[in-house]
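Please read the structure below before turning to the comments.
First chain written, first letter: the chains are A, B, C, D, E and F, and each begins at residue 1.
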Amino acid sequence: MDETVNLFLLIKSAEEKTTRNGKPYLAFTFQDTSGEMSANFWDASEEDVERYRPGTVVKLTGKREEYKGSPQLRINQIRPAQDGEPSNPELYVERAPIKKEKMIEQFNKAIFDITNANMNRIVRFIMNKYQKDFFQSPAAKTNHHAFLGGLAFHTISMLDIARSISDQYPFLDKSLLFSGLILHDVGKVIELSGPTATEYTLEGKLIGHIVIIHEEISKACQQLKIEEANEDVVLLKHMVLSHHGELEYGSPVRPQVPEAEALHYIDQIDARMNMLQAAMRKTEKGSFSERLWAMENRSFYKPNFTEK
Amino acid sequence: MDETVNLFLLIKSAEEKTTRNGKPYLAFTFQDTSGEMSANFWDASEEDVERYRPGTVVKLTGKREEYKGSPQLRINQIRPAQDGEPSNPELYVERAPIKKEKMIEQFNKAIFDITNANMNRIVRFIMNKYQKDFFQSPAAKTNHHAFLGGLAFHTISMLDIARSISDQYPFLDKSLLFSGLILHDVGKVIELSGPTATEYTLEGKLIGHIVIIHEEISKACQQLKIEEANEDVVLLKHMVLSHHGELEYGSPVRPQVPEAEALHYIDQIDARMNMLQAAMRKTEKGSFSERLWAMENRSFYKPNFTEK
Amino acid sequence: MDETVNLFLLIKSAEEKTTRNGKPYLAFTFQDTSGEMSANFWDASEEDVERYRPGTVVKLTGKREEYKGSPQLRINQIRPAQDGEPSNPELYVERAPIKKEKMIEQFNKAIFDITNANMNRIVRFIMNKYQKDFFQSPAAKTNHHAFLGGLAFHTISMLDIARSISDQYPFLDKSLLFSGLILHDVGKVIELSGPTATEYTLEGKLIGHIVIIHEEISKACQQLKIEEANEDVVLLKHMVLSHHGELEYGSPVRPQVPEAEALHYIDQIDARMNMLQAAMRKTEKGSFSERLWAMENRSFYKPNFTEK
Amino acid sequence: MDETVNLFLLIKSAEEKTTRNGKPYLAFTFQDTSGEMSANFWDASEEDVERYRPGTVVKLTGKREEYKGSPQLRINQIRPAQDGEPSNPELYVERAPIKKEKMIEQFNKAIFDITNANMNRIVRFIMNKYQKDFFQSPAAKTNHHAFLGGLAFHTISMLDIARSISDQYPFLDKSLLFSGLILHDVGKVIELSGPTATEYTLEGKLIGHIVIIHEEISKACQQLKIEEANEDVVLLKHMVLSHHGELEYGSPVRPQVPEAEALHYIDQIDARMNMLQAAMRKTEKGSFSERLWAMENRSFYKPNFTEK
Amino acid sequence: MDETVNLFLLIKSAEEKTTRNGKPYLAFTFQDTSGEMSANFWDASEEDVERYRPGTVVKLTGKREEYKGSPQLRINQIRPAQDGEPSNPELYVERAPIKKEKMIEQFNKAIFDITNANMNRIVRFIMNKYQKDFFQSPAAKTNHHAFLGGLAFHTISMLDIARSISDQYPFLDKSLLFSGLILHDVGKVIELSGPTATEYTLEGKLIGHIVIIHEEISKACQQLKIEEANEDVVLLKHMVLSHHGELEYGSPVRPQVPEAEALHYIDQIDARMNMLQAAMRKTEKGSFSERLWAMENRSFYKPNFTEK
Amino acid sequence: MDETVNLFLLIKSAEEKTTRNGKPYLAFTFQDTSGEMSANFWDASEEDVERYRPGTVVKLTGKREEYKGSPQLRINQIRPAQDGEPSNPELYVERAPIKKEKMIEQFNKAIFDITNANMNRIVRFIMNKYQKDFFQSPAAKTNHHAFLGGLAFHTISMLDIARSISDQYPFLDKSLLFSGLILHDVGKVIELSGPTATEYTLEGKLIGHIVIIHEEISKACQQLKIEEANEDVVLLKHMVLSHHGELEYGSPVRPQVPEAEALHYIDQIDARMNMLQAAMRKTEKGSFSERLWAMENRSFYKPNFTEK
């Protein structure tokens, strides 16, 4: 089952540890687009600790083994990737399955449907301001859409479902639904530290992406000279504030317009389908997935009968 | 504000009561497609009690008034509707906004997409068996889709959303999702007493529509000589059993395949949008709806800014 | 027990209703500094409805009676108060037990102790901007400190407890604790409609006072050219955002610095003591108060043994 | 404390693992009627893995040791049991303290008291169909009555308590109470994989024993030509469906007849007493048991003062 | 449906009220062993209020009517019962179905089985001290066994179930189980005001029957010179403290010996069966009972099929 | 990072363990006033086990190392402390930051303010009886004020806050508040085993400090011939019984007088500030503390900006 490997990998984390008898070593987690793997680097010197920091790409020769049921690497040789080798960290992180250009096109189409003038201007202002980070950021640290461009991809995917629902239920206001939807998670570009070694920032922890994007709407209004007491602005703010659906999930208010209720459920269904898709990919037919913490700790069955 | 009326109405309920000083009267709730209204029939004789039972259509002359903030009728004259008059109770109940034929067409299209042979046969068997009641039944006693044909209409509407989601997430098995979706609420034709004076039946209360439809799948298998231990049958049963999502909402098991999770959320979103649509219709612009019990007792705001 | 009265009163609310036999009347709630009382005005004409709106001061002759265990007035004569009579509505609302000037003095003393420059400037900016409303506003619609100036009084009272606790626990940062404390409820001047006929505004319902004050801090920074990414600004925002203590009480984040935890508990203890003080005032010795909804629906005992 | 042993044992589980430095070994759990014990088999070959599967009886020579507070075996020699040796796996599993014949007698006595004809026939039909498995099956995978014949023993023990309660409360219908009680857990013969290496089956996980037995009642009716809409059949189904007492414990309906409420509590009390009996057996006088997960994670004290 | 009556009744409560147009009246609740009924006494004078206090037996002539679905009496004549008439209030309250002498006999039998000397002495001491009240007191103000002697009857009935369970599970210590059981609710003689107009006393509200009986055990030890630190005394105290099973039901500790767990469940089952018996008595065959607040607000079905 | 040490330390716990290959060793936790550290003593003989029991002071030479992120000691030499060396265990436990004499002074001042005669006598009686233990005991096993004298120090600190609040809210009865406050945790001297190797006693587990102190008040009354049915005694008992605020936190009754509500919140705020103070002391500026289990598992941020 063990096999020799010769790979370029990105260091995701590198913890300094000590063995029972006092020798220092580095506990690595490596990453490439196919997933993660751990390895211990025995007898690490001070220079090694310095050299192999998270975010570094390395060339590694070793053996694939199993330890306590999980795969791990035994390191034979390791060195930092050199010029001329694939040393750009972004090559090693999972990314959205559609191109950025394609996504931008779809956003433009949706923004075109926002006929309310204030909402249209606010959405375009904020998307402009954060465009670069928005198309890089994952949608979460670990759970759903946790990959490069995941935030934008999650939003695009939600737009599709929103179109289907608002066709079915024409009493929903498309301007309000689409602008709330596009903005709802943009605060994550400030809440999270970015796509490679994703952590929560101080603002992320102490303020949270929900209030952060609310503040951005307020700032956009001031820049654009839009009166914030206007009902449409208040409602747009309400959309982003209430999108977690329940106070105990961090929304300071619960949805109080139908579009906000719709947004919450579209967010849920898309996040859940994405998590399940990822989990099923790693599960054998005829067996159950690992327990998924963000899905109320359930584990899901992958049938034999189906083609997929 | 008061006005004289001259109407045909359906008696929805008729309670015998006594005034403080001992005189009997009948407390009516009338119904037509535009809603409900109450009225008291003073000094009701034994014959009146007999004559004006729920389900009877009456001709009524009176005045529209308000009592404790709710509209009510003051009865001047009342008599049962006669032959030649619109005396069919079904004329007075709200009904699905699309025709039965149109709905059948859409079901057939969906059933066509169920390529798994066992599921396809089971779905067609059950739909055949309950076809008549299925297209009459409301989807609930009071909350969502509580009208003639509401059950079928709710199911059709969910199919639309399911198509959009399964396009987005092709790892979902369409056969399983569509057959589970079509069957999920069919048990309500046994749980509820029908479209006119909808009540829970004894089986509805003591067994519940979730287990009722499960039993119907089992019976279909026996009739069709399908082996119930087959994985696809077990999964189809699981779909209907788990569609309330959480044990505390009456599902004996939680969703454990992705299609079951999807079904639960599609059901939620469609039921909620339908309830909100109905509530918004009754709400003035710029004000809040009444509290909606089935929406966690929230009340929802109808904006001024929008056209709708 | 009944007695004839001859009073000036403020109309707190005036609902149009209809008797069972269709006659319109006005159901009043009157208010003066000693409390509230209800009365029905029979056979109210259209002009009466117009004349006796909430916020009007009236002269009333009638009789004090009891109806279903609550006191009510029987109206003999009623007319709007005239010039030269005590017709200013503010004379009829309960007010804070200390003078505004005295309160301002105490705020200044506290602000003096905020040695952190950014916090000091932000607090002074916001207090200046909302000074007038802040000293008028109640602290809540119904529960605690629901009187003219209640918001300022509640804040002053909390400052006193905060001083005692920060003397006891010198590791707490006084600048952070005091500035968070002073600002924590200022959003209520926007959330609530003011001291006389207190209702929630649309922003109050859809955004809430917690996020409103957060936005004000952000705006103050922009005006004062204070960098919002500074740790002290982030912490001050965190103080106001987390002051409800738990997500389910409407804080989008839970307290994550000791000063925020302290603020939450000081707020609780002061609000609860104020509610109990008011309830005890209305309770006979040796008996239990009415149930207090905001105190988990408990009712409290007033002992015989004590002097008070 | 360590001692040399020479034993026949049943392999309950055998996990393939790898040491830190890459060597394969087998982690065994052995079982006999006195309990369980673990042991590691170092340097296991492919043939060993094949030879020592769960369910095999082995002869083992080794030493009893302690590791991290739990007893474990150090293996000196191991080989599969041979013909003529005690190689029947059932000899090594705990079993009900009374004989099967004695239990059958008591069931017959109870069935005799079921005077309602439909219930009597349904109970006899199902007990006949599953008789063999019913007297083998444990009542649960780990918690209560987790031994060979545990399901039947649990049911017998509940019948005794039920007799005492129905003597005390003659308004309870004995036919309904006894037939619901006898059937309530029969679904476990399908939910669980049997007495030796008890696991949940796919049907057990996706459908659950509560709905499984409901389906069996329905099938019995079809075979016996009993009309399922009869009130007594509906009530019998209700008994098994509601026996977990609360929706969140997996019953799709809550008890709605007194006999169902009684059944739920009798089930609880018997399961709990059985778990406590087993836990107390393993606890020293004057000390607390380990934490019992199924008893809300409490730990229980075994007194010194008593004889037992 | 109305009928003339001529009855002796006990006044359970008598509230002074005022009609809308200011006239005083008395709202009575009457009681006899068959249940309760309400009536209004119009134009009550000050003397009437004085004369017809709760606890008085009256002779009443009037008519049985129905008001808002509940039966009530229309009073024609009323006067206090006179000497020579059945004027003893205790004649009008429901009472335990077995005689006090018979109950005492059963208690003695149980106490005889308490072989632990300390427990035996403590139980006898307390039962002696409160004997008179214990055989009078109801077991609760409204819910279960709310009748004269209900407390003793509830305890007797529990003893029967306890015998059955301890026969089944001989590891349970009979001394501990029986003494805890007999004492568990004795505190109610102090918590409640007695059998006729049952209310909570101040000690009942502020301390509660659980802690009250704990204190009585402590006092008994002091009188009997029993060392309170003895393990058997600590355990007996633990039995009464933990008998509500969960902290949120008012037990300061959860059961931590098997006998305490048993006691809690026996208490539950007996209280629930008693409430259901009373509710079923008032329910028609083929219909549902009123909602039972203490049974999680469920309503229970009374079948047609059974004889009872 | 490792360093050689030469220290006197107190053995807090000493567990006998076995290595994988069967060799016995002792796993120590050592303690001095600066905190705790663990170490393994390899190849411990039977005599060593006997010699190095918890509570012993030892002299140790070794090296400070890190293992799995936590500091631990490598033992070179170890021997029990000898006469003439600092061998008194109390020297090694953390203690209250103010002297016992100073604390007594403050208690006397508070008791002086208890003007109610019964309360004053009861408080003095109990404080006298337990004075020695009270000034030794920690306030909890692990969470807040878990040090020598912590119980007294916690009480003193609460008195200070109580003074501030009762100045603010003069309707509170100082006698009731102060006597309840002083006694509220005295039961911990029986619940916990004392300041050096703090464990729960059997009474602590089965009865709990809340009911223990209630019993002490009852005993004090008997000794002092104070009538227990007096309202002031009932209220004092209520204060201690209700001080955990909610049933689910172990109070058998919820606060029902304002003084009891105040006590609960003062207890909370002081315990929380103390835990935070201790946690902040161990946290670096600009980083988050470890998760604090008793603070709802939150972790707290220590800012950079502040001096402290």
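Worth pointing out:
In this text, a contact is a pair of C-beta atoms (placed from the backbone, for glycine too) under 8 Å apart; a residue touches a chain by one contact, two chains touch by 3 or more.
All figures in this text were calculated on a predicted structure; none of them were measured in a lab.
The chain with its CA mean position farthest from that of chain E is A. Of the pairs listed in C-E, D-E or A-B, the one whose interface repeats that of B-C, with over half of its contact pairs matching by residue number, is C-E. Of all chains, the one whose Cα centroid sits at the greatest distance from that of chain C is D.
Centre to centre, using the average C-alpha position, chain C and chain F are separated by 39 Å. Mean C-alpha position of chain D lies 44 Å from that of chain F. Residues of chain F in contact with two or more other chains: 202, 205-206, 231, 235, 256-257, 288, 301. Of all residues in chain E, those touching chain C in their complex are 17-18, 20, 22, 202, 205-206.
Interface of chain B with chain A (complex): residues 116, 157, 160-161, 163-165, 167-173, 175-176, 230-232, 235, 254-258, 261-262, 265-266, 268-270, 272-274, 276-277, 280-281, 288, 295-296, 298-306, 308.
Partner chain F is touched in their complex by these residues of chain E: 202-203, 205-208, 210-211, 214-215, 218-219, 222, 229, 231, 234-235, 237-238, 241, 247-253, 256-257.
Those residues of chain A that touch chain D in the shared complex are 2, 63, 65-69, 74, 288, 301.
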